[in-house]
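Sharing a structure here in C-alpha cells format.
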Amino acid sequence: MIDMYLLYFLMIFAAVSAVGVVTFRNIFHGAICLGAMLLGIAGIYLIMGAEFVFAVQVLVYVGGILTLILFAIMLTSKIADRSILQANEQKTVSFLISAITLFVLIYAIVKTPFTTVQGPFIVVDTARIGKSLFLNNILPFEVISILLLAALVGAIVLARKDIKK
Amino acid sequence: MIDFSLLKIELLLCGLIAILFILDLLFTNKKPLHIVAIAGTFITFAAALFFRDTGTTFVGSFISDDLSIFFKILFLLNAFLVILLSGDFLKKNPLYTGEYFILLLSATLGMVLMASSSELITFYISLELMSISSYILSAYQKSNPRSGEAGLKYLLLGAMASGMLLFGISLLYGAAGTLHYAEIAGVISAHAASPILYLAVVIILAAMSFKIAVVPFHMWVPDVYEGAPTPVVAFFSVGTKIAGFAVLMRLFMTAFVGLKAEWGILMAAISAITIIAGNLLAIPQTNIKRFLGYSSIAQAGYVLIGLAMATVAGLSATMFYLVAYLFSNLAGFAVIIIVSGKIEGDKIDDYKGLWKRSPILAVCLLISFMSLGGVPPLVGFFGKLYLFTSAVENGYVWLVAIGVLMSVVSIYYYLIVLKRVYIDPPLDTSPIRASIWENTALGICVAGTLIFGILPILFFDSVVSSVQTFLK
Amino acid sequence: MIVHFPFLSAILSVTLLGALIIIVLPENKHFLMKVTAGVTGFISLVLSLALFVLYDRSLGGFQFVEQIAWLPRLGITYQVGIDGIGLAMLLLTGIVILTGVLISSHEFKAGGLLGATGRPKEFYALLLVLVAGVFGVFMSLDLFFFFLFYELAVLPMYLLIGIWGTGKKEYSAMKLTLYLLLGSAFILIGILALYFSSGLRTFDWLVLRSVAFPAHFQNIVFPVIFVGFGILAGLWPFHTWSPDGHASAPSAVSMLHAGVLMKLGAFGIIRVALELFPIGAKFWCPILVFLPIVNIVYGALSAMSQKDLKYVIAYSSVSHMGIVLLGICSLNALGLNGAVFQMFSHGVMTALFFALVGCIYGRTHTRILNEMGGLAKLAPFLAVAFTVGGLASLGLPGTSGFVAEFLVFLGAFKAYPALTVIAATGIVITAIYVLRVVQKIFFASLNPNYIPEADACTMKDQFTHEHLEEVSDSGHKGFPISVSDAVLLEKIPIVMLMGILILFGIWPSLIINVINIGVSSIVQTIGGSL
Amino acid sequence: MFELTATVLLCPLAAFVLITFFTGKSEKISSLVSMVAMAVSLLSSLLIFALILSAPGDYELKIPWINILKDLPIEMGVLLNPVSSVMLMVVCTVSLFVQIYSVGYMHNDEGYSKYYSFISLFSFSMLGLVIANNLLQLYIFWELVGLCSYLLIGHWYHKPDAANAAKKAFVVTRFGDFGLLIAVIFLACKTGTFNFLEIERVIGSGILSPAAVTAVALLIFCGAAGKSAQFPLHIWLPDAMEGPTPISALIHAATMVAAGVYLVIRTYFIFDLSGTALSVIAIIGCSTAFMAGSIAIVQDDIKKVLAYSTISQLGYMMLALGVHGYTAGYFHLITHATFKALLFLGAGSVIHSLHTNNIWEMGRLFKNMKVTAVTFLIGGLALSGVYPTSGFFSKDAILIQTLESGHYVLFAVAFLTAGFTAFYMARVFFVVFLSKEKFSGKHPHESPAVMYVPLILLATLAVGLGFFSEGFSRLIFFGKINEPEHAVLIPLLSNLSAIGAIVLAWAIYQKELISAAALEQRFAFVHKFLKNKYYIDEMYVFCVKNILFVVSNAAGWFDRHIVDGAVNGAFYLTSSAAGALRKLQTGMVQNYAVGIFGGVILLWFFMNMMK
Amino acid sequence: MIAIQELLIFNSVIFAIGIYGALTRRNTIGILMSIELIFNSACLNFIVFGKYLYPSLLSGDIFVLFIITVAAAEVAVALALLLCIYRNSKNIFIEKISLMRG
C-alpha cells in the first residue's frame, strides 16, 4: 500500500517537475526540475523492482547527463542567466499537438485490454541482467561501445577549439 | 554460439576503424589515411561482394541473408565512393582527417548492422550509431556556421524522432512482449491487433520516415543538405535513406507483415504526398545542394511506392530503385563536389556554362539528372518503371498517375539546372579539373547509371530472387 | 533468327554511329562534322529507300523483323520490323534528316543563323540522336522499346531549341519538353495498363495485338493513349507547345520536329491506340473526332491572325495535323490511308516550309510579315519554292497535299458527313492565309529595307564594316540589307523536298500502295472486332 | 483516238516542262516551243473532232490512279464525246491565237519565258479539265486552272494590285471549290464512283433522294459559280484584269471562266433531276447578267467593261442552262469564247499602243489602228447580238429558250440586259475609236502583224460560227434534240433594241447630243450605285474585316490567352504552390518538429479512417 | 497495486510534456532537456510493460539500459555541438540558428 501511495506521489512529483522543465523561464531552474523528474522516475524504477535500472538512471542520467547539461548551462550562462522569454510563438500549436498526442495515447491505452500479472513487482536480479546482457544482447552491447567511441571522438572534434594554423 | 563467418564485413569495418584510429594517432601526416581508407573500404566492399554466407547468429538478433548482403554492398559502395570524393574536402579542412574517416566508417557500420539486425535493440543501437555519426559529420566544417547549424538541426530533430521511435518500440514491446521481428510477427498473427500495436506501428513508421526523409518528416533535409559538407551530404543522402529502407523492409515485411493492409495504405499516402511536395519544392530552389535535397525527398517518395505494395515485385522494384538512386544521385553529387571544389559556391547559378568549362562534368550531370528524372534508357527510368508496374499490379493506379505526372515536374526542375549548365554562357571560362579519385568515383557512378540502365538484367534477377527467399 | 541483312538495326546504328563520330571529332573540324552528319543522313535515306524497294508488297505485314531477347523476365524484347505505314514514315525521316542537315550546314556558316551560336558538334550529335529515336519508334515492335525511342526522340529537343533557338527559346523549349513528357507519361500509364491486363507480361506488340482486351478496359485506356500521343501530334487543346516550340527552334530542328516528330504522335495513335484497342477506338473516335475538327478550323484561323512567319507555319502544322487525326478518327481505309499519306506529305511540306523560313530569316533578319515584301525580285528561287510549299499546304492538286487531304475528307465523310463539311472549310481558310503570306513576303513592291546583293557591294563603300555588322545583328536600322537568292547548299534540299511533294502529288500510288498494305490490316482489325 | 488525246494533253505539258527547266533563258525558243506544242494540240483536237463527228458517242478510257478500295476506284481518264471534243477545239484555238498574239504583246517583258510556261501549263490543265471522265479528275484540273489563273494574274507580282487581285481570284474561287469538293465527296460516297457515266447511271436509278440531288446540284453550282464568276462570287473577275491582257482574253474570257458552265453541262444529268436547282441557276444567272451588264455601262477601264461584260455573258449561259437551254448555253459559251477573246485582244492592242486602260484617255483610234478598230467592232456587234454575227444566234437561242420555258420575268430581264450589252459596247467603241482624241503626246500605231493576225482570225470565227448553230444543236443536246424554233419576232425585237441602244450610245458619246454628265447628275443615285458595283465589294470587305478577321483574331487571341493561358496558368499554379510550400520551410527547428509530431497524429487518424 | 493504465497514462503525460517542451523551448538546452523527458517516458514504458505483462522477460530492462547510454552519448554530442556554435555566434537560442530556410 505504501508502495502504491509512494508511486502516486512520485508520479505526481515527476509530472510536476516535468511541467517545470518545460515552463520555467530560468533555464537553470528547468534543469533542476529535470533532475527532480529524473529522480522521481528513478524512484518509480526502484519501487517497481528494477534496481539496476534505478542505479543506472541515478548514475548516468542524474550524475552524468544532468551534470553535462548544467555544465553547458553554466558555459552559456551569459544568456541563460537572464530570465528572458523561454518559449517561442508556437505555444498554442504545440499545446494542441501534445494534447492530441496525449489524447490519442490515452485512447489507445484505455482501449487496449491488458492481461496483467497479479502480485507484487518482482525484483530483478542484477546478475540476471548481466547474463542477459552478455548472452542475449552481446551484439548491441558491442556496437554501443563503438557508438560511444564515435560519440566521444565526435564530441571532442566538435567541442575542441581549433588551433589556427 | 556466435557464427563469426557471418560477421566478416562488420569485423572488417571495425578493423578498418581501428587501423585508422591507430594510424591517426601515430602519424602526423594524414595523407596516407585517405589511401588506407580507400583501400580498406574497397576491400570490405569486395568482401561484401564475394562472401555470401547466410544464416543467423547472436541469438537471432543478427541475420545475414541475400537481402542484407545486397544492402551491405550498397552501403559499402556508397562509403567507398564518398571516401573517393572526400579528398578535396579534407584538403580544405585538414584537421581531424582521421576522425572523419572513423566517423564515416562507423556510420557505415551502423548502416550495415541495421540491414542485418532482426531484433529491435540491435536495430536501435545501430540506428543511433549511424545517426550520431551523421550528426557529427554534418557539423564537421566547424568554420562554417551553416555546417554547425545543419548538425544541430539534424541532431535535435533526429533526437526527437528517435525519442518517438523509442516510445513506439516500448508500446510495441507492451503489445508483443518480444523484440525479435520473427516473434513479433508470430504474436501479431496469433492475436487480434490492439490499439497500442497500431499506434506502435504508426509511430515506428513515422520515426523511420524521418530517416528516409519523406513528407511531412522531411523538413530537416534541405537545411542539413545545404549546410553540411558536400561529401557528407552525398554520404547520408544515399546511405541513410537506403538504411532506412532496409530496416523498413525487414521490420515491416517480417514483424508487421500481418498488418500489411494498414501500413500499406499509410505508406502509399505518404509516398503520394512526398512525391508531390518534394517535386514542387525543388522548383524554386537556388542552392544546388538544397535542390538535390528536395529531389532526394521526392525520390524517397517513389521508393516508398514499392514498399507500400509489399509484394515481391514491389520490394524488388524498391531495391532496384535504390541502386538506381545510389548511382544517379552520387553521380550528381560527385559533379557538385568537383565543381564546388573549384568555384567555392553552391548556387545553381554558379553552374552557368559548365558545359564550356568541363563538358564531361556537364554530360555526367545530365545523365545523373535525367536518370533521377526517369528518362530512358537510364537506370532511373527502369527503377521507376518497375515501381510503377508493381503499383499498377496492385491497383494503385492513382499513385502511379501522381508519380508519373510529378516526374514530368521533376524533369522541369532538372532542366532548369541543365539550362544553366548547357545554355547559359559561363561567368568564368577557366576549365574545371578533377582529381583521379574524384574521376574514378564519377566514372563508376555514371557507368552504373548507364550500364544498369541499358542492361538492367545484370542484377535484376538476383534482386528478385533475394526478395523471394526473403519473403519465404 | 535473322536471315536477311538487318536493315533496320543498320539504320539505327548508322545514325547513332554518326552521332558518336561527331562527338569524337576534334572541336574545330566543323567541316568534317557537317560531312559526317550529311553522310549519315544520306546513308539512312538510302537504307530506307532500299527497304522501300525490297519490301515485299505481295506478302504484306511486318518484314525485316529482328528479334533479340532483352529482359525476358519482364517480357522485353528488342524487336524491330516494318510494315507499310512504318515504311512511309521511315522514308520521310530519311528525307527530312538529310535535308535538315544540309540546310543547317549552311546556317552554320559565318553570318548564318546558327553561326553566332556555333557549336556544330553538339548540334549534329543531338540531331542524330533525335533521329535515331525517331527511326526507332517507327520500327519498334516492342512497346517498351517503342517508348524508349520515343523519349530518346523527345528529349534532345530541349537542348536543340534551348541552345540554338531564337526568341524566348528557353520558355519554348521548356514548355515543349514538359508537354511532350506529360504526353509520354500518359502513354507510359497506358502501356503499363496493357502490359498487366493482357496477363501475358510482355511488351511484344505482335503478341499484344492478338489479345482481345475486354471492351470496358479498352474504353478506359484508349483515350489515355490517344491523348498521350495526341499531345505530340498537336491535338487541340494540347497543341500550344507547338507554335512556341517551332517559332523558337532553328530551321533544321523545326523541320525535324514538325516534319517528323509530330508524326510520331499520329503514328503512335495508329500503332498503339488503334491497333491494340479496336473496340475502344470504335467507341471513342466518334466522340474524339471533334478535337481534330477544332484543330483544322481553329488552327487555320489562328494561323491567319499571326504576324510572325514561323507562327503561321506552326499553326498551319496544327491545322494539318488535325487532318491527320481526322483521318485516323474516321477508322476506314480511305481515311487512314489519307492520314498516313498526309503524315508523309505534311512532313515533307512543313520541312520545306521551315527550311525556307530559315533561308528567309537568315536574309531578312526578321520574321514579321509586315516587314517583308517583294522579295520575289531578289530571291526568285525561294519565292517559287515557298509558293510550291504553300500550294501543297492549301491542298492544290498536283501536290501530295491534295491527295492526302482528299482521301482524308473522303474517308471522314463516310464516317461523319456533317463534321467533315465543317472541317473542309479549313481548306478555304488555309488558302487565305497561305496566299496572304506568300504575297506579304514575296509579292507587291520591294520593301526598301532590302536591296540586291550587287548593290550591297557598292553600299559597302559608304558604310563602314561595323555598321554592316550592326545591321545583321539587330535587323534594320534605317539602312538596307542585301538579300540574295538561295545558294547551292540550300537549293539541293529545297529542290528535293519540292520534287517529292510534286512526285507524290502526281503519282501517289507509288507510296499509297505500300501504306495501304499496312492500313488494310488495321481496317481488318477494327472491322473484325465488331 | 486516245493517242490523239494524249497528244493534245501532253504537248502543252511538255512545253511547260521544257520551258521551265531548259529554255527559260531563251525567250524566243520558249515562245516557239509553246506555240508549236499548241499548234500540234490544235491539229489533234481537230482530228478528234472529225472522228467524233463521224461517229458521235461516248468514248472512254480509264487509268487507275489510286487503289485503296475496290468499291471506290480512284481513276484518271478520258471521256470523249461531242461536248468535250468541241471544247477541246475551242481551248486549243483560243490558246494558240493568244500565244501568237502574246509574242507581240509581251515583247520585252521581264517574265516572258515564265509567261509562256504558265500559259502552257494552263492549256494543259484546261484540256485536262475538258476531257476528264470523272469528277475527281475534273476537280484536280479545275484547281490547276485556278492556280494558273493565280499565277498569270500575278504575272506582274511587283504591282501590289496585281498581287492582291491574284490572291483574291484564288480565294474567292476557292469558296466555290469548297462546295464542289463537298459535292464530289458526297457523290463518291453515295454512288461509289467518280465517273460521270457511272454516276449518271447510278443516279438515274434513283438512289438519291430529291433533296440530296438538289443539294448536290447546288454544291456543284457553287463551284461553277465561283469559277464562272456568278453572283455573289463574281467579284474576283474584274480585279483579275490586273493580269496581262492576253491572259484576260484566254483565261478570264474564253476558257477558264467558262469552265463553270462546262461543269454544269457535264453534270447536267444531276441538275436535270432537280427543278429547284435549275431555277436557282436560272435566277442567279439572270441576275448576274443584269447586274454585271448594268455595271459595265459606267466603267471607265476598257478591260473592266469587258470583264463585267464577261460576267454578264456567263450569266446568260447559266440562265440558258437553268431553263433547259442546254444546247443554247453551250453554244453561247463557244461563240462568246471567240468574240470575247477577240474583244480582249483588241483592247490589248489598244492598251499596248497607248499604255493606258482608261477609255477617256483614248479616242479617235480608228484613224491609227484600223485593223484593231474593225475587228473590235465585229466583236462588239457579236457581243451585242447583231445579225449576222455568231452572237446573234447564240444569244437569241437563249432568249427564246427562256421565253419558251415560261420564265417571263427572266426573259424580260435578259432582254433588258441585251440592250445594256449593246449600249456599253457601243459606248466603248465610240469613245475609244471614234470620238475626239483625248490623249496627248502619244503616238498610237497599229500593232504588229503578230498581234493583228490573230484578231482577224478570231473576227472571222466570231462572224462565221453563227452559221454552224443548227449543226451544233444536232450534235450537242441533252435528252432529245432541241430543234430551234424559227421565231422571228424575238430576234427582230432584240436586234432592234440592240440597234436602238447603239444609236443611244452614239447620241451620247459620239455626237454628245445628250450630255452624259447631265445624265449622271440626273440619276446620281443610280450612277453612284453602279459606279460602286452595287457595293458588293464593300460588303465583302465588311464581312471579311468584321467577321473573318475578327474571328481569326479571336481564335489567335483565344489560343494565346485561354488555351495557352491555361498551360501557363498551370505552370503558375505549380510554382505558386511550390512557393507557398516553401514558406513552411522556415528554418526553425521547432516548426520542423511540429511537422514530425503533427505528422504522427495525422498518420494515426488517417490509419483509423482507412480501417 | 495500481493499474497498468495509470502508469501508462502517466508516461504518456510525460511524453506529451516532452513534446510540448521540445516544440516551445527557445533555449536549445531546454529542447534537449525536453527530449530527455521523451526518452524517460519511453524508458518507463519498457519497465512498466515488463513488470506488469512480462515479468519473466528482461528485454525491457536491457533496452532501458541501452537507451540511457545512447541518451548520454547523444547529449554529449549535442552539448559539444552547442558549445561549438555558442563559441562562434554567442547564441544558443534556436530561432537564431536559422541561416538556412526555404
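A, B, C, D and E are the chain letters, set down in written order, and residue numbers restart from 1 in every chain.
Convention: contacts are C-beta pairs under 8 Å (C-beta built on N, C-alpha and C of every residue); 3 or more make two chains touch, one makes a residue touch a chain.
Because the structure is predicted, anything quoted here is derived from the model rather than measured.
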| item | value |
| --- | --- |
| Set of chains whose contacts include both subunit E and subunit A | B, D |
| Two chains sharing the most C-beta contacts | A-E |
| Chain of greatest Cα-centre distance to subunit C | A |
| Identity of the chain that, by mean CA position, is farthest from subunit E | D |
| Central chain (by mean CA position) | C |
| Computed distance of Cα centres, subunit D from subunit A, in Å | 101 |
| Rounded Å distance, subunit A centre to subunit B centre (Cα mean) | 31 |
| Distance from the mean Cα position of subunit D to that of subunit B, given in whole angstrom | 78 |
| Mean-CA-position distance for subunit D and subunit C (Å) | 36 |
| Sequence positions of subunit C contacting 2 or more other chains | none |
| Touching two or more other chains - residues of subunit E | 8, 15, 18-19, 22-24, 31-32, 43, 48, 50, 53, 62, 66, 70, 73-74, 77, 81-82, 84, 94-95, 97-102 |
| Residue list for subunit D, restricted to those that touch at least two other chains | 582, 585, 587-591, 593-594, 597-598, 600, 604 |
| Which pairs of chains touch, using the document's own definition | A-B, A-D, A-E, B-C, B-D, B-E, C-D, D-E |
| Touching residues on subunit A, where the partner in the complex is subunit E | 3-4, 7-8, 11, 14-15, 18-19, 21-22, 27, 30-31, 34, 37-38, 41, 44-45, 48-50, 52-53, 56-57, 60-61, 64-65, 68-69, 71-73, 75-76, 78-80, 85-88, 90-91, 93-95, 97-99, 101-102, 105-106, 109-110, 114-122, 124, 128-129, 132-133, 136-137, 140, 144, 147-148, 151-152, 154-156, 158-159, 161 |
| Subunit A contact footprint on subunit B (complex, rising order) | 2, 14, 17, 58-59, 61-62, 95-96, 99, 102-103, 106-107, 109-110, 113, 121-122, 124-126, 128-129, 132-133, 135-136, 139-140, 142-143, 151, 171, 174-175, 194-196, 198-199 |
| Contact set on subunit C toward subunit B in their complex | 70-71, 73-74, 147-148, 151-152, 155, 158-159, 162-163, 170, 174, 177-178, 181-182, 185-186, 188-189, 192-193, 195-196 |
| Sites on subunit E touched by subunit D in the complex | 19, 22-24, 31, 94-95, 97-102 |
| In the complex, subunit D residues that touch subunit E | 582, 585-590, 593-594, 597 |
